[in-house]
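We call the chains A, B, C and D, going by the order they appear; numbering starts again at 1 in every chain.
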Amino acid sequence: MTVDISTRGNAAVAHLSGEVDLERSPGVRRALLDALGRRMPLVVDLSQVSYIDSSGIASLVEAYQTARKQSTPFILCAVSAAALRVMQLARLDKVFDIRPTLDDALAAV
Amino acid sequence: MTVDISTRGNAAVAHLSGEVDLERSPGVRRALLDALGRRMPLVVDLSQVSYIDSSGIASLVEAYQTARKQSTPFILCAVSAAALRVMQLARLDKVFDIRPTLDDALAAV
Amino acid sequence: MMASVLPDPTLLAHLRVAATPASLRMIRRVVREAALLAGAPEPWADDLMLAVDEACQNVVRHAYAGQPGDLCITLSRTPDGDGVAVEILDFAPTVDPSQVRGRDLDDVRPGGLGVHLIEALCEEAGFAAAPEGAGNLFRMVKRFANAAPQR
Amino acid sequence: MMASVLPDPTLLAHLRVAATPASLRMIRRVVREAALLAGAPEPWADDLMLAVDEACQNVVRHAYAGQPGDLCITLSRTPDGDGVAVEILDFAPTVDPSQVRGRDLDDVRPGGLGVHLIEALCEEAGFAAAPEGAGNLFRMVKRFANAAPQR
């Protein structure tokens, strides 16, 4: 499965894993926007992301903007080295709300 | 490192890992024959072998024959699915002394 | 018995695949292994892999824009052995290079990052003259010596 | 703007690399991804990967016998879509197919297993006419339907 979504307290948690590339990012985008449709805070766990490209990052940016528009908390956590590298190159590491661990993210929503 | 060799009791244990292919099998062959030169029983742990080709199998066959000639026990253990598949296709699963775990192999030397 | 054709000693790999999203996984595997063959450390290989993925997905999404077509990638050692050169060839309609521009990074919105990533990760990147009968040729060079500038 | 060259819809991947032991990793990655692209389950892809690795290392060790040269692999869907066809082309001196034989499996000794593995894992395998200017063309077909015979 592309994205595994679970509920933790009042937040939804999306676990992305493997290679989030042009083939898989439309599924990731859809899953994140669907989760935000429930108007619950959304935490995205990126610990298992071995690769992400600009299309995967674009899905995160779109979810981030949708969350802002509807004032839903949107937090990234446990960002893998591969994912952090791309966010830094795109200067998005200062835009997203990024927490070190899932527990930190859940405490912040 | 290609092959990690350690000593357990009176036996040498060779841990092979990753892809044992035409590029790496000469190093594996050398390490196994060197270990047999010490005339200690040799256990080869294949649990971490993700891939092995006919050249890797040939290194094991050569070590097996060298061990027989000098009457040194030579036991394979914890054979990964990838390695077992190739041994079965080559009908060597009935030739080698294969034990399920490292402890089983050590108990047998 | 025939005479052996002299191989190009700088060639790391030449790959031809359909220009589809599903081909990108294979492309990444080849780029990564080619970089390692050239002696690159893993993080360097990962960076080149990302840059080439971005350039190839632009061919899929923009140059072919959903039309079927092939994509050829040639990876070679640079003549000085100080890096890897990548040529990405397509058979799509000719692209106007002046239209190939990333978005302003401070204007946060989805998309428009591929060109930035390519330029941040490679010392050279741009279109070159495509051979007769082909579409577009995009050329990238990434060198080992100095870390790529973080633009 | 130019006319788009019609791509071959059966092509999964075409790869050209130097015929060296260090190239086999990349070859395996490409074969595995091509099989998965064709819809193969992972164990099937792993089996094809092993068979093609064996055929390619025979090119490196026997056909070129240490001489430098390139190796081209073309992976395609079979016309019926029931498997994957692999063509391995080299530019080495012509090989006598009657000399390409595995050892008796009951005569246990190092080597002589590659041909057995190829034949156990593929429904078809053998030399075909190489194009003018090339050396040898080895062709393999592995089908999805029935498990390969365990010879």
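Simple rule for what comes next: contacts are C-beta pairs under 8 Å (C-beta built on N, C-alpha and C of every residue); 3 or more make two chains touch, one makes a residue touch a chain.
Just so we're clear, the structure is a prediction, and the values are computed from it rather than from any experiment.
Common partners of subunit B and subunit D, by the touch rule above, are absent. The greatest centre-to-centre gap from subunit D, using C-alpha centroids, is found for A. The distance from the centre of subunit A to the centre of subunit C, each centre being the mean of the chain's C-alpha atoms, comes to 28 Å. Subunit A and subunit D, compared by their mean Cα positions, are separated by 41 Å. Rounded to whole angstrom, the centroid-to-centroid distance between subunit A and subunit B, based on C-alpha atoms, equals 45 Å. With touch defined as above, residues shared between interfaces to two or more other chains in subunit D number as follows: 22, 25. Two chains count as a pair here when they touch; such pairs are A-C, B-D, C-D.
Of all residues in subunit A, only 19, 21-23, 51, 53-55, 57-59, 61-62, 64-65, 82, 85-86, 89-92, 95 touch subunit C in the complex they form. Touching subunit C in their complex are the following residues of subunit D: 1-2, 4-5, 7-9, 11-18, 22-23, 25-26, 29-30, 33-34, 37, 67-70, 91-94, 133-135. Touching subunit A in their complex are the following residues of subunit C: 21-22, 24-25, 28, 46-47, 50, 53-54, 57, 60-61, 105-106, 108-111, 113-114, 116-117, 120-121, 150.
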